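Below are two complexes that have chain A in common, paired first with chain B and then with chain C.
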Partner chain A sequence: MNNQETIRVALTGNPNSGKTTLFNAITGEIAHVGNWSGVTMDKKAGEIKENLNQGQAEVTAVDLPGAYSMSPFTSEENITKEFVKNEDPDVIINIVDATNLSRSLFFTTQLLELGIPVVVALNKSDLIAKKNIDLDREELSELLGCPVVNTVATKNQGLEDLVSAVHEVKAEEQAAPFEAGDVDLTDRSAVEAADKRRFEFVKSIIDKVETREVESNQQTIQDTVDRVVAHKWLGIPIFAVIMWAVFSLSQTHVGPLFADIFVGWIDQLNAGVASMLGDSVSPVLRAILLDGIIGGVGAVVGFLPLIMVLFFLLALLEDCGYMARVTVVMDRFFKKVGLSGRSIIPMIIGTGCAIPGVMATRTIKDKRQRRTTAMLTPFMPCGAKLPVIALFAGAFFNDAGWVGTTMYFLGIGIIIIGALIVRKITGDKSTRSPFIMELPEYRFPSIKRATKSMASRGKAFVIKAGTIILICNAAVQIMQTFNWQFEVVAEGAQSTSILASIASPFSILLIPLGFGAWQLAAAAITGFIAKENVVGTLAVVYSITNFINPEEFALVGDGTNVASVMGLTSVAALAYLVFNLFTPPCFAAIGAMNAELESKKWLWGAIGFQFSVGYIASFLTYQVGTLITTGSLGTGFLPGLIAVGAMMSVIVYFMTDEEEVQSEATVNA
Partner chain B sequence: MKKMTLHQLNADQAGTVLEINGGCGLEEKLNNLGIRPGKEIVKINESFIGGPVTVQIDHTKVAVGHGMAEKIIVEVA
Partner chain C sequence: MFSKISEFLTGGEKAVETSRNTVINLAEAETNTEYVIKEIKTDDEELKKFLFTLGCYEGETVTLISILAENYVINVKDSRYSIDKNLAEAIII
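Right after this comes the complex of A and B.
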């Protein structure tokens, strides 16, 4: 091989062995990592950093989802298998968890059989000493017939050695220390026998290279923690308390401190631009620039600190290993409704953004469970919906932490009910996909990793605010400023604007929900482009320059002011919040759903379902809430009830897949 | 020596995996995580009635669904 050619290196290994952390360390990328299995769903490529490469040929590293063996069980393991078998990488880096050699080497021996040069990275090697494990690295290298390098990806240790080992072996032919021979993959007993021999071989290696002082069945602090957080009865209340704490911290305590600083900057910018423009500039331009762009985008960006704090706290929870336990705690409930504990992983990822969440449903093998999870994941309030929650919690509920927490649990509740409905309609004839998951060790969460995770999610948020939301707000401002004859609408005649005339027909539908104003309808519509738009649009249509009062250290210090401008009761505001959170997600998330549902009928069914659920939940919130607070039902109860009934029948129609019509008949019989 | 399912083990009780009464896919997945005949396994705890069972195998913890735990037969000394 020519030295100047780019070589391709595949990063493979068991789930949670640190592949993505190593990938980020050697390439400088910031792919999302988590302390649990199955975070990486797709392959991702990046160039290795110059300083590690020592002037050798360029190296492209490809990060692959974790796999336990070459005969895969879940479809993301397939990506790994297909890649190393068909795409012919020049070198395979096999990342091995040094503290768990006995399990990892099974896959290693399979990789060694491919003939592609392999370099083993003994990752987490700093933990070996801590656990009193003695590993003979040279002996291991000799027995496997490939270089073995100590690495600590989280601390950037051993990376130069790893890259230089790659360059050393790149042109070599890999010899396999263990050959399974030709095994008929359709013959179960032959496969089993071959696997058994492989395990024996791995065991013989372990016996030679590893000595452990601590016996594996000794009870540790780790076990004690698990007994508490994954406790039979306490597990769920603990989860609820933790989520509530996360919200209180991000929304009422830490978040607003930073938010005030941001809002101060935005105000300064606004004032600065205003004075630069002077009075001679046309009022239309002023309106678009100041109210539309700076006001609208500023309203969204003002919530950035709150979201960053939330992302930071969620990243800490993920990093310390708690999130993996949540799947165990929740499995029981999900199984009851025809899903599995696996379904919660997409949903937790969905709290950041629904798009990777929906993509994460790929780990679910059962088709019906996968589709159901993909269509229900967007009900989890995502990062983009947080500004909406924060705004309404601040304006109408005095920043109460319960608003956010309730929205999350309402999301979970809707998901559970939704799963039941889907199961009822499609019939539960699928085999239950067994739940099995490796639980990562608890570790002290790293501030650095959480900061990185927060930064990468925050960056995506800022980019969105600077592009799509900016354009939308400018467009909303323009549509609000002009009428259809492209004349500037007169003061007091706002209802003749383009925006008002587009949104008005929709607002009629919203009367039974308690918020039949065209401004609110317009904000909900722009919300489908991106949920952050809801806040931006509200800021523009009600010309509220900012929602945060810098003097009082409180989000929307003038809450009542904002509330009175919108002219909503608290109950109607809650209904509006529910409507925005639980109707279909943004277009990008719908695109992701389209990819995972693999059926147009399911897609339209899902969208119809989400819209209906949002409408019904909002309807109930408003009508029941109004009944409780005022003693009589809200306006438009009857037409609303008819609409709700109509939606129910539409759900049933769309969700009936051709192949599943029969089972529906049996369910109904 | 007593034979029982993994699910029937008490918390903190150790056993040796005897057999797995599952389909090929199930068995392979369990094998991959180190759960296979001859291995020592320790039950850590179980969550909620009918929830997954957490076990210690090799040097990791694995959560195994309730149904699966009933298909894993262990032998207790």
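Right after this comes the complex of A and C.
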């Protein structure tokens, strides 16, 4: 606080009361939002927009994770408590779900005791009328002793009033309407009694300000919908159909439409740069620029329209409230393997990017569950893996929606089996952690919010393509152009290049998986830097002209060209896709795993496990697939079987060797 | 029509529960009936505290809205929560 003119405002409130939506609305930031509890894991600061701010002083808003009270239950609640108590904000905005005063005001009265001026934002106030609730805002303000402002964050309503209320109270001393008094915090029953009095006080307020025509415990259509979408048997098929619809729309229908135009532009750019360079530029430099950079990056960026459609649809899904139901559906299966519905949240976040997904495991209390979730979350196909899926679905499977859907559910299946194995290895001494999830009301998803979310994710994708992927592609192009004597590799002798000589030894290991070509091995290796690199490198090593021409480009029509250049069967292509999706994630995600696992042993165990799983899944896909399609086994079956057998026996060895591991586990714990 | 669909969807699970006379915890409760919580029976003090902040503690009312697979949808204060069977068994009514 070196600047006297800046007012710092903390945004606090119950989970899913709309804090981040309000934060985005008043600051113009684009933090990730969703209609379910626990989307925000960390604090985030932003300047309040000038057009809302009528006072002289600048206002900085800090968005905090949701909390039900000042006594934290989850670690993200703790962030909120620590911030409010220690960082001494100038004003607290308490966002209250107007349809749920009876719970929310408990936290409000605790905030009012801190002495920091509080402004209550009565959010979702448009829903009060809809639910036939009568609310006396002025009386509420009087009883609480702080300003109460009606807001609808999703529609940008009441924001100016809210900011001017902040300016009004900023220098005031907040008086508390309810004082718990001197409670001995070590005496549990005394604390409990004080908290009960607090709830009694909240009730007395509610009685005065709120009248409900329909009690909230009556059955609604929403409950009926829940019974269908979270049904014992229907829940999973419905989830599968929804995911299929998402992939089919983005991959088969809407995506290619835009991609067609987009790839045409990239093609024009390539031709334009080529003619600009003329013939005077050395062919090597020309190749690096055209094939390596524009070609490789272009191949990745070519998938942008398709991925944006996918992100848009996923944002709609998150916004409507369905995701909370998915956790309920999956809880049953996850419990059986020693995880809980809580573990699903990191995994859903992981479909955007594994890094925040892995970080979200912090909310899981049980250490073993947390570690297991952190090592399994990267199996969910993340945003960076989508271009890889899209390329193979386009090149080999005619843009079928089932490819993405299958990979999605294969990921879930692997996670469940993986959790079972980890539980076996660590020994099942799990305290069954309780599962509780608030079910938010369904709402019609906002096109605007989904568009914003899509735009921000698309922007991140383009930035990545223009930096890390560009550099990687240039490096791949250079390594492919020269041999170790730094001479330009002759036509037809590509296998003497630096790239080929590095990748070849690895490619031998991949023969039993059906794709023992050094080009494919190289692409898989660069994939560890960033998964989009798989697409970029393939474009570079197989000479991009095939990719970039709209007539031949995999995405926009006939993919057979790409398929024939790579010389893969459809089954081997699927195996290659499986290999890239389910081996360890990119280095950045491994770094996140390292932070959350808090143990080198777990980290190496996790990486080894992920590699084995990817290899085995890919092996099975290729060999079984080949057996079905051709009637005989694929190449390298026996050596592959030996490798798979070795990996499995290591896993089984750890699974049965419980005593030793258990004693280690106690050391770790 | 909605009520018929929901009857079909929950019918099987309800039949088991009604055969008992004395309902002890929320896992045995009937849907659409308001109960008063007698006790939260758990060793997990933090969980108890957390339930408290939601308004789920002795003397308060709770309504079982529906049973979905092994999860129980309950109404406490003005919110819906999905809780698992263990937790439902811990809520004594």
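Keep this in mind: the second predicted complex is superposed on the first by the 625 of 669 C-alpha atoms of A that agree within 3 Å, B and C clash if a C-alpha of one lies under 4 Å from a C-alpha of the other, contacts with A are read in each partner's own complex, and residues count from 1 in each chain.
In this text, a residue touches a chain if its C-beta (ideal position, glycine included) is under 8 Å from a C-beta of that chain, and two chains touch if they have at least 3 such contacts.
Being a predicted model, the structure only gives us computed values, none of them experimental.
J.: Do chain B and chain C fit side by side on chain A after the overlay, or clash?
T.: Once chain A is superposed (C-alpha atoms), there is a clash between chain B and chain C.
J.: Touch check for A:Val328: first (chain B), second (chain C), both, or neither?
T.: both
J.: Which partner does A:Thr224 contact after superposing on A: first (chain B), second (chain C), both, neither?
T.: second
J.: Counting only touches as set out at the top, which of chain B and chain C does A:Tyr68 meet: first, second, both, neither?
T.: A:Tyr68 contacts both chain B and chain C.
J.: With both complexes superposed on chain A, which partner does A:Gln157 reach: first (chain B), second (chain C), both or neither?
T.: A:Gln157: touches no partner chain.
J.: Taking the superposition as given, does A:Ser599 touch the first partner, chain B, the second, chain C, both, or neither?
T.: Neither partner.
J.: Is A:Met437 contacted by the first partner chain B, the second partner chain C, both or neither?
T.: In the superposition, A:Met437 touches chain B and chain C alike.
J.: For A:Phe106, using the defined touch cut-off, is the partner it touches chain B, chain C, both, or neither? Pick first, second, both or neither.
T.: both
J.: For chain A, give the residues common to its interface with chain B and its interface with chain C.
T.: 68-69, 71, 73, 99-100, 102-103, 106, 188, 192, 195, 199, 216-217, 219, 223, 226-227, 230-232, 235, 327-329, 331-332, 335, 340-341, 432, 434-439
J.: Once bound in the complex, which stretches of chain A touch chain B?
T.: Touching chain B: residues 68-69, 71, 73, 99-100, 102-103, 106, 188, 191-192, 195, 199, 216-217, 219, 222-223, 226-227, 230-233, 235, 327-329, 331-332, 335, 340-341, 432, 434-439, 441 of chain A.
J.: In the complex, go through chain C and note every residue touching chain A.
T.: Interface residues on the chain C side: 2-3, 5-6, 9-10, 32, 34, 42, 44-47, 49-55, 57, 59, 61, 63, 65-66, 68-71, 73, 75-84, 86-87, 90.
J.: What residues on chain A touch chain C, complex-wise?
T.: For chain A paired with chain C, touching residues are 68-69, 71, 73, 99-103, 106-107, 188, 192, 195-196, 199, 216-217, 219, 221, 223-224, 226-228, 230-232, 235, 324, 327-329, 331-332, 335, 340-341, 432, 434-439.
J.: If we count contacts the way the header does, which residues on chain B are in touch with chain A in the complex?
T.: 11-12, 14, 22, 24-34, 36, 40, 42, 44-52, 54, 56, 58-68
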